[in-house]
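Shared chain: subunit A. Partners: subunit B in the first complex, subunit C in the second.
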Partner chain A sequence: MGELAVQAIGFGIVTAALIAIGAMGFTLQFGLTNVLNISYGGVMTAGAFAALIAEEWHLPVAIAVVFAIATGALLTWLLGRTLFAFYARRGAGLFEMVMVTLAVSLILQYGIDAAAREQIYRFSFPQGTSLHWGWFTVTVTQLALVAVAAAVFAGIEMLLRRTRLGKALRAMADQPRLARTCGIPTGKIVNVVWLISGALAGLTGLAYVINSLTIDASVGTEFLPLVLAAAILGRAGSTRGAVLAALLLGLVTEEVSALGGAAYATVAGFGILAIVLATRPAALAGQAAAKPEITV
Partner chain B sequence: MKKSIHLALAVSGVLTLAACASSGSGSGSSSGPVGLVQVAAYTGDQAFEAQFADSIDFPALYAVNKAGGILGRQVSLIQMDTRSDPADALLAMDKTLATNSDVSGILGPDSTSAATLVPLLNSKKLPMMIAAGEAAYDRSAYSYLWRDVPPDPANGEAIALWAKRQGYTRVATVFGTDPGSQGDLPGVVTGVKAVGISLVDQENLTPDQPSYRSAAQRLLAAKPQAIITESDGPTAATFFGELTQLGSIVPIIGTSGTPSTSYFTPLRGAIGDANFNKYFRAVVVGNPVANPAVPAFNAAVLAVQGKLAKPVSQWENNSFSESGYDAVIVLALAMDAAKSTDGSVYNTYIMQVTAPGPGKQVVYTYAAGMAALAAGHQIQYIGASGPILFNAFHNSFGAQAVEEFPANAPAVVVGTISQAAVQALNG
Partner chain C sequence: MSFYLSTLAVYFFIDVLLAYALNMQFGWGGVPNFALIMFQAAGAYAAAVVSLGPDTGINSFQSYVFGASWPFPLPLLVAVAAGGVLAVVVGAFSLRRIRRDYQAAILLIVSLVVTGLVVNMVGLVNGSNGLTGVPRPLSGVLSGLTYDGYQWVYAAWCAVVAAGVYLVVARLGRSAWGRALRAVRDHEDAAATIGLNPAGLRMQAFVLGGMIAGLSGGLLVEFLAAWSPAAWGYAETFAVFTAVILGGVGNNWGVALGTLLVQVIFLQVPTFLPQVGYTGLIDALQWVLIGVLWLACLAIRPRGLIPERRYRAATAAARAAPATTPTPPRTQSATASTPSAPTTAATATTPTPPRTQSASAAPAAPATAPTSQAASNATPAAPAAPTAAPAPPAAPAAPHAHPASPDDEVKGPQASQDEVKGPQASHDEVRWPQPSTARRFGAVSSDRANPRTPAAPPDTPHGVVLDVRRVCVRFGGVEAVRDVSLQVSAGEVVGLIGPNGAGKSSLLGALGGQSAVAAGRVLLAGHDVTALPPHRRARLGLVRTFQHTSTFDGLTVFENLLVAGLSARGARLRDSLAGGQRQRAEAAAAVWDHLREFDMVPVADSYGAELSGGQRRLVEIMRCLMQSPRVLLLDEPMVGVAPHLVRRISEDCARISASGVAIVIVEHALEVVEAVCDRVVVMASGGVVTEAGYAEAMSSGAVREAYLA
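On to the complex of A and B.
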């Protein structure tokens, strides 16, 4: 039992890495634009399928990664600057925009499903050898996923804290009208955020299918609840919070799976979310109430 | 007030007309095509059923219509989507029966929709060939319900017998928590205990999670010699892929719900073709012994291969498809024998065209059965799934086959579990 619990810590960190990459992209975009973007899951799927195409064409692994990231970034940027901007200009509120993103999510999912002929595909990404450290067992690829998540976190933190773009982004997230008045190029900032968020969605889709080894049109939408949970638990807009929340969710789900049973793992994860929201309801509502304006 | 009365009369008139229109659903119209309703999940999380339904319907309709149809009328297929939800299924069936006056029989319901649809269809006097394995239908009082596949526990018990025959003394189970994957689990659990095998670990997996590493690790720690399993394909791929990464893989025995491309493709990808070919077997419903009905079924499959999920080889000799195909042929022959497409008339003939008896002519195809009936003979249809011997509760199941699955080739039978052996297990 003790051995299983310790092993689950290692597994939890790998799962947390997957969730964290997606949650960072989601929370960054949500924090700035105030759009609860449900289509994020569909973009994850699109990124994963782009990588699958690269694999089917026997392109190098690095190109598959570029395919996934570029697809996610371009698709999200396109959606944000055209469709979401269109509805925002027409006065869509927060709830209406959620419905728009939900519609886009369904269109993406079923569009990809039709293009993929409703099939499930194998995703044969090299897993590398299994490494054993005491009770911990992890593959080289899983280790790489954790490293990628750490690198993404470091990169975003550096962007937000050390660059003019990051400062402008934080200013916009806090006070969009004041930021505009001060001459901050809001259009440019929003463009950058859509691109980063989309790139991370594509990367998350790829990371998910590397781990699960299969791909179908619903992978992104199935994974989205955990990503959303981490983003909300970590307080919308906070990448540090998203990473900590992802770590908590990853560890809780794997520990419950190891000690209680796999069937209860996801329930436990969302149980944590419910408890935190009950004790700290401002995590989501506070942000929306303080800054109800959509910035796309 | 007067206006309200007129409105009430108008509404009641419309309802009466609608009721009259739908009351014909149990009798079938006397001209035009004979309608058979396939009840399956064409959308939703059980949508994988659709390709199984197609592998039954299109070959069977091809065989019946090519032979001239039923009583000179062609058979038409009405695909009814349960949307993987029992409540949606009920609404869809109401709509189907209200808008189709030519419905003479039902192919289904499936496990998801049986609880809501069986009572309705029985009250409409529509014979139904259910594909639901639930034990609730082992001794049901529904006179229009027929089942030519084993109840779920029987498949699980056959798996336990196979595991015993292989010499395993420690096994583990890995099942999805979705209703479609849970049906065989009780039979497996009681079966392994009955044959004296230790069930060292039970993993129930919530489908479509990003990882099952902890569950896989726990299973490995229990050191099973074999794993008995059923889940959807992606869940199986993730679990067994991680199991392979964590340790050495052991033989996997799938239930009759596992053989399909949507299961095999991801699993092969996750554990590798070599491991799959070496370790994966499934205990499936159906006839392991070839008879003349089998090539007839395979020929029908090839004739309609453009309508079936690829590769078409997965449907040739597919035991589940053969049972469903036989169910359609039986319904058609019963209508021919009764000289009626009215369910309340031909229902009793279902037993008559399948039961053995002195002087009966044994037939293996619809065309042969139709010809024999036209010549005034009584018949016993033996199908691609073997003899169909309905008991007093309209249940029939024969031997079960243990199969291995070479890539892009029909399944190969490597063993047989007889009905008698399964029944002996139940005392």
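On to the complex of A and C.
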């Protein structure tokens, strides 16, 4: 029992890394544009399938990774700047934008499903050797995933706090109109954010299937709720919050899975969200007061 | 073929029910229920387990909880109850005050989690294999029928149920309750300031919707005889959303049309198509097309094929006029029996002599009097105990009812008395602290208000109505309001001025209940309201406007006012199903008076969303006046209002205050402050700098300091 629990901490951190990568991309974009982008799940799937195609073509692993990231980034950027921007210009509100992204999510998921002939594919990615420290067991690839998550976190923090672009981005997230009138190139910033968010979505999709080894058209939509939950728990726009929430969700789901049965893992994760909602509604209420503006 | 058609018919009526459920929750209640299908599932499972018979245990091929074989109508009732109970549970945490996009995401997550739970907890309702063998209702009685015949009978039964639900839903949609619900949907804070309980109304709509969805699930499971998680994937919810949005959110016929197009034609026609590609390709493409269709709807016809019907008050009034009397036409109002007092407001508000005959009988009383009477008459509850509660302090309004009583002789003065006092008594949920003074005041001024002589405005009653004691408001670490004390007497107009960021709006928020008071107390006529939510304060007569636009955009101007006139009690669900005509008519008369006074009759039937900024301001102010407030908090009321209307609003403020209402105005236009206010309170960086008469405050230098600091 104790061993299981300790092992689960290791798995929990890996799962947390997966959730964190996705949640950071999601929350960065959400915090800036105020579009709760449900199509993020579909983009994750698309990224994973891009990697699968690279693998089928027997391209090197590095190329597969680039494929996944590039697909996610391009797809998200295109969606953001064309479709979402179109609806935003027509005055869609917060909820209307959710509906738009949801429709895109349906189109992506079932479009991929149709193209993939509704099959489940095996995804073989080199896992590397297993490492053992006491009760912990992780593969090199899993360690690499955690490292990637840490690097992404460090990179985004640097971008936000140390660069001009980051400062402009934070200014714009707070007061888009004021930022525009101050001469901040808001269009450019939105581009950057869609690209980063999409790249992270593609990466998340890839990381998810590296870990699960199978891939079908619903991987993104299956994983999205956890990513969403982490982003909401961590507060929109806060990468630190997203990482902390991801850590919490990852550990809880893996512990529950180890001790109480895999079936209840995700349910437990959402249990946390429900508890937070029930006990600390103020965490979300603060956002209801202000009228957030959609900027895409 | 006949079999196929009858099946389609059953599906159609069941899906229409589901669409009505969503329309209730989302179209009127504004709750983006992405977990809708869960409520149908709850109904279906509940109906199944109470008709499947006891679980036979280990030998059974399926396991489930409870298990009973209840006869025909009971499983459906259980289904309704299951949907309702689930809605209470889910609503308890998902209907909190959160952003709508968060709310949608959370409901979606809830839906996915519940699916996971049902699949994993096999003992509950047999996991992913689901339940089978649910008996078809009344198959014994109807055994004479062919299978095909039974199908058609079942379709007819579904049609009857759908029609019944339609009648209820349509009635509710038109009722004061429906209007109140839509007001909450459009602007929660503003709805609370007219005494509506946003959380309560939304929960009612959510539960009603849940019950309807549960009913549809019960009907469906009895038809299909089986139910499993595959039948209620989260994507099904989006099919319903597509149907509702395509057909027309808020319109019962629209959503039925949308259901026909999406659920029946769009999702069923492909089954006629020849096989294309591999198995399942068409299914997948269908969902892709649903997505595209959805995007197209939002882009081309966001309000749907048959949009929500606009409430045409002018037409309705014209139709109603010959029958009763109350409503608008200026010429007729004079002879109106019951609501003559309200209608005189039109004449009373302008200084010109009354131009109608009855107005001479009912002298030019201050406008608020008739208005308040109409508003309080409108609250239907009232009836019983006119004397039980002490005469309320809104009493300044009450005496003016007397001038009207001669007219009321038609139906007996006693009745009119009760109407006036009763509703107001029950209006007060708390006992009023100084009944004796209030009563005395009422007695005195009713003496004075001799119907034959034009009534002078009643003496300003002394006594503090609004008592603010050392109030602090904090947002995070910022102390927006620091230790502010303020006393406002009945009939007094206090201007609240100060530079931006001085804490004026935050203070108003603390008074109105929008921002939490971190320390200190707010007393309304001696009663502590510090802990009361905004709608409770509004019902006690503490009414406010907002700095930002707060019209109900999906309601017409007329409805914006009517909803305020009917207010909380008129909007009760129970009363909405029956009666309420007279209250409505009386409130409508008051609405027309206000519209005339502010030159807004031409836009009576325009949606709030169609108005200019200044027009919206006027609607907000009229909405306040509809409620006969005791304390009126105006947050920059003159922004964007045309100069001649600014003057008129100023005059109105003066008259309202003369009738005993305490007014607090936050305003940057100092000439308005000078014209209207008895006293100004200057605020800077969260605290009160000085408090004096206008001239004195201006000359003291404190103002300049505050602005330049």
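A few notes on this one:
The rule we apply is simple: the second predicted complex is superposed on the first by the 289 of 296 C-alpha atoms of A that agree within 3 Å, B and C clash if a C-alpha of one lies under 4 Å from a C-alpha of the other, contacts with A are read in each partner's own complex, and residues count from 1 in each chain.
Note that a contact is a pair of C-beta atoms (placed from the backbone, for glycine too) under 8 Å apart; a residue touches a chain by one contact, two chains touch by 3 or more.
As the structure is a prediction and not an experimental result, all values here were calculated from the model.
Taken together through their common subunit A, the two structures put subunit B and subunit C in a clash. Once the two complexes are overlaid on the shared chain, A:V98 sits against subunit C while remaining clear of subunit B.
Applying the stated contact rule after C-alpha superposition, one finds that A:V193 touches neither subunit B nor subunit C.
Once the two complexes are overlaid on the shared chain, A:L206 sits clear of subunit B and of subunit C alike.
Touched residues of subunit A were counted for both subunit B and subunit C, and C has more of them.
In the superposed model, A:A274 lies in contact with subunit C only, and not with subunit B.
Once the two complexes are laid over each other on the shared chain, residue contacts for A:V65 go to neither subunit B nor subunit C.
Contact with subunit C, but none with subunit B, is seen for A:F86 once the two complexes are overlaid on the shared chain.
Legend: residue contacts after superposition of the two complexes on their common chain; A:A263 is shown touching both subunit B and subunit C. Only one of the subunit C stretches 94-102, 202-210 or 220-228 carries C-alpha atoms that clash with subunit B in the superposed arrangement, namely 220-228. In the superposition on chain A, subunit A positions 118, 261, 263, 266 are in contact with subunit B in one complex as well as with subunit C in the other.
By the touch criterion given at the top, residues 32, 93-94, 96-102, 104-106, 108-110, 112-113, 116-117, 119-120, 235, 238, 241, 245, 278, 280-281, 284-288, 290-292, 294-295, 298-299, 302, 548 of subunit C touch subunit A in their complex.
Listed in rising order, the residues of subunit A touching subunit B in the complex are 3-4, 7-8, 11, 14-15, 18-19, 118-124, 127, 130, 137, 139, 208, 211-214, 216, 218-219, 222-223, 226, 254-255, 257-258, 261-263, 265-266. If you check the complex, the residues on subunit B that touch subunit A are 47, 177, 203-206, 208-215, 217-218, 221, 233-234, 237-238, 241, 245-246, 261-262, 265-266, 268-270. On the subunit A side of its complex with subunit C, the touching residues are 34, 36, 38, 83, 86-87, 90, 92-100, 102-107, 109-111, 113-114, 117-118, 225, 228-229, 232, 261, 263-264, 266-267, 270, 273-274, 277-278, 281, 284-285, 287-288, 291-292.
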